[in-house]
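The same chain A turns up in both complexes below, where it pairs with chain B and then with chain C.
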Partner chain A sequence: MAISKDVMRGFLAHLSAGRTLIGPVDTGKVIEYRKASPNEILMDDRVSYKSIKEFYFPQVERMFTFSEGEVQDHDNPAGCAIFGGKPCDLEALRVMKAVFTTGKFADPFFERRFDANLLIGVGCIAKKPGCFCDQVEVDMAFSDFCDIMLEDSGEGYNVEYLSEKGRQALNEYPPTKDVACGNTRKADPPQADALALSPAITEAGFFEAIDWAKSTETCQGCGLCSFICPTCHCFDFRDSSENGTVHRYKCWDSCIYPKFTLHASGHNPRESRAARYRQRLLHKYRYVPDNFGLTACTGCGRCVRGCPVGMDIRQVVKQVMEVQP
Partner chain B sequence: MSFEKQRDEVAALCKKLLADGAVSRVVGFREGGVEGMSLPYIFTDPAGVDMLTWNSRCLPNLNGYLTGGEGNTAIVAKPCDARAVVALISEKQLRREDIHIIGLVCDGMVDANGDPLPACVECSVNCPPVYDDLIDDPDVAEKTGGEQVSNDTSLERFEAEIDKCILCFSCRQACYGCYCQTCFMDRGSPGWQPTVPGRGDKMLYHAGRTMHLAGRCVECGACENACASGVDIRYLIREVTNFVGELYDYRAGMDLDARPAMLSYAAGDREVGFLGGDGDGH
Partner chain C sequence: MSTNPYLPKKARIEKIIQETFSPDLDVKTFRLKFEDGQLMDFLPGQFVEFSLPGVGECPFGFASSPLQKDYFEITIKRTGKVTERIHTLDEGASVWIRGPFGNTFPLEKMEGANLLFIAGGLGLAPLRPFIQYVLDDSNRTKYGNVDMLLAARTSGDHCFAYDLPVWNEIDRTSVRQTIDRDEPGWKGLLGFPHNLVRDMPLDFSNLYAVLCGPPIMIKAVQAALMEMGLPLNRLYTTLEMRMTCGVGKCGKCNIGHQYVCVDGPVFCMEELAQMPGEY
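And now, the complex of A and B:
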């Protein structure tokens, strides 16, 4: 169903009565997702410097408190209504859901946020500098990994729901109550310049595939790329103790930092910056595809745009692809 | 005169330096980044110098790339890059004879929208103070002083900036002066690294870094340019830089023979530099 952007603002105002409303806001220096009023939220085609991942996997999350032999769980989060996740963000959330909730162990902290949040995706109209979703099989305009999907025509939105949660939310607001169920849509077939690493090569084969030190020599090792990446999901536990009460937190970490793999013995299996960069790239393009069948890079381009020295992951993946059989 | 003409002069010089074996590496820029950004690149082959570029989008400070490799290194240096080289030499991190400074007269860099970068607007040094070769641009007028900015040093401002920070340390990695092998933030004992990155811990990091840069900042703005979150922490460092300037008449990276303010002591040093406050002791 096609609706105007004003109707969408009305819907967001309706949602904000019961939930914390999150959306992209122009802060003057950057665009970022934050708690916002319906009128502040951007409805143009610009893109934020960080993704929506912090609303599923916050930079710091208190897991539990331990006091006098008792473990107390907390911070059962109230759900947010998140507006404006781009298809690359939604596909990244699909990766994160697979990592955090499938297999032997499920992460309850991710899971409960995932269940509590209402996610409204908005398709892109145009690619931005550094974007490459089309090279990793992500459709710029649409993803079904959300509750409600809006395809942006510039003037208004074509609205569909993709989950029961989405249907209910739309149904509660009279102007959107007749919205139909969206079709799951397959992405366009991979293009000739698709970025993917051959499963035929062993991990060790990639380790020597290119001169990683040369290819990454200008990387400054700041780890900004992993913080603004929608799929980077590594974390560390930290404890803080106060008067006999211990809080345990789950905090973002990054494989780009030397301490990430530092052993208590002092040995560090990834001593060089090149080895750490290689890990980040292979994790996205080889290890997650091997383990979950999804590429852990959705082409959002944030690392490409955000890198202070212009490191471009596409170029390094291409170099590896050129030497693979 | 223009960027293109300067670029051709730099390229010819770099080719010659590499071909003659005067240097084994040239740290400069090439094209190819998004939104017109130029990329740091280490040239080792005279033929590769054809890729060298010099334009208004050569943002990063190149001093992080000066060590490593065999033989001497040349740097395509904006005035702030050259000042950083001088500061590193003063702090005994580099030897003058190992570095060939190709200094460029610079009118400032611009962001992706073509707007001058804040640090460049405030910059008062558009000619490298020390160089081996100077690539002049007579169209760039000599600066007598950068644009003065009012400095709000309130706690509210500090908190507003801090709240944008995601503690990724990109400002530290971009800074020429942050060369500690293990940053205080990464130390295990005592554990400076915050247990939980809250506002106070982010303040600790930025205040700590600011104090470590007292009298050492070369005002290049790399910290601010690197920040994806739009944090302006440079204002705090500028305050300390100005304070050191007033107290000790010292400005980092301007003079190879000047002893860095924080590495020297004189009996007559004003007490406010030790104890703070308004007291002077003289």
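And now, the complex of A and C:
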């Protein structure tokens, strides 16, 4: 169903009565997702500096508190309505959900937020500098990994719901109550210049595939790429004491940092920066595909645009791809 | 909604055993019990995450028999920030534990075979649950000969010294101890396990070897055993990694696509040989 952007603002105003509304806002310095009023939210085609990941996996999240010899769990977080997740970010959330909720154990913090949040995706109209979603099989205009998907025509949106949660939310607001289900759309076929690593080469083979030190020598190890990446999901636990109580936090961490894998003995399985960069690249392009059948890079281009020394993961992936099995 | 695998439970230190006696190597065993009376149900090879609130959390392998249901033991070397503090605790102190995590030694697959355990220093700790399981009256007949070659730098560095004479008395079981350099009164062997293993009367036709110790020892012993004709698929070890979550989420302990905390810490050497050498 096609609706105007004004109707969408009306829908967001309706949603904001019961939920915290999150959307992209121009702060004057960057575009970022934050708590916003319906009128502040951007409805143009610009992309944010960071992704929507922090509303599912906050940079710092208190898990529980030790107090007077007991441990106290905390209440479930209230759900947010998140407007404007781009298809690359929605596909990244699919990766994160696979990591955090499949296997013998599930991460309850991600799970709670995933269940509580309402996610409204918005397709892109044009590729931005650095974007390469088309090379990793992500459709810039559409993803079904959300509750409601909006395809942006510039003037307005074509609205579809993709979950029962999405259907109910639209149904409660009269101008959008007749929106149809959109889960029948097929993904675009892969592109000829797809970035993907051959399953015919072993993991150990990729370690020797290129001169990693040479290919990554400009990397400064700052870890910015991990923090602005929508799929990077590694974390650490940190304790903080306040007046005899201790809070344990789950905090973003990065495999780019040398202490990430440092043992207490002093031994470090990834001593060089090249080994750490290799881990980050192979994790995205080989290990997550092996474990979950998904590529943990959705071509959002944030690391390409954001890297202070101009490292471009696409170039390194291409070098690795040139190696014949 | 899933249970929270990051949430620890309170346990009490029932007993502390000083394991080593040299000035620069301080190893203690902590005997623990959950305060709410819940039993720790684990299998050999698995590990726990051990917390001191405000200090931090670290992974440690179980060091006691899985058949001992009254308590569980964790053997800890004083090494870093958390272990320094753990070593200052007294009997009766409360600590926080979550687990068990990780895979196990292939107990059933090894039934009927002869077993060779080679450990260096504290490397005996994660093997002890396996050894005690095998040597228990209820299981002893399921396994063939059990031979152990246990190395430490000095006589004072041999962990579980109180177990070794007991184990050595058990039917079809032998314990050999070695130290790096001779000491007055030392009656055991001298030298490194990769040399000494060549002198052991082993039946390679149906043998599994389980190794744990410093990486350099594991590599040298592995090379010696392979040279003597033991195939890689008969060799097992258990790995250490920095493991924050213990449940395959935090991204710290992977070797290639495998996570040591869920796919390990026990690995067959044949499998390990296919993996990137990033450990």
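The rule is simple: the second predicted complex is superposed on the first by the 321 of 325 C-alpha atoms of A that agree within 3 Å, B and C clash if a C-alpha of one lies under 4 Å from a C-alpha of the other, contacts with A are read in each partner's own complex, and residues count from 1 in each chain.
By definition in this document, a contact is a pair of C-beta atoms (placed from the backbone, for glycine too) under 8 Å apart; a residue touches a chain by one contact, two chains touch by 3 or more.
For clarity, every value in this text was computed on a predicted model and none was experimentally measured.
By the touch criterion defined above, A:C251 reaches chain B but does not reach chain C. Judged by the touch definition given at the top, the superposed model places A:F105 against chain C, while chain B stays out of reach. Touch criterion not met for A:D178: it reaches neither chain B nor chain C. Shared-chain residue A:R286: touches chain C; no touch with chain B. Looking at the shared chain after the overlay, A:H233 reaches chain C, while chain B stays out of its contact range. For chain A, the partner touching the most residues, choosing from chain B and chain C, is C. In the superposition on chain A, contact of A:R305 is made with chain B only, not with chain C. When the shared chain is aligned, no partner comes close enough to touch A:E40: not chain B, not chain C. Residue overlap on chain A between its contacts with chain B in one complex and with chain C in the other: 239.
Interface residues of chain C facing chain A in the complex, by the touch rule stated above, are 1-8, 10, 53-58, 79-83, 94, 96, 215, 240-242, 244-245, 247-257, 262, 274-279. Across the complex, chain A meets chain C through its residues 63-64, 66, 69-71, 73, 99-101, 103-108, 111-112, 115, 202-204, 206-207, 233-237, 239, 241, 246, 248, 250, 253, 255, 260-265, 267, 269-270, 275, 279, 282-283, 286-288, 290-291. Interface of chain A with chain B (complex): residues 27-30, 32, 49-50, 59-60, 129-130, 217-218, 220-224, 227-228, 238-240, 247, 249, 251, 254, 258-259, 301, 304-306, 308-310, 312.
Considering their complex, residues 32-35, 37-42, 59-60, 64-65, 112, 164, 166-170, 172-174, 186, 195-198, 222, 225-226, 228-230 of chain B touch chain A.
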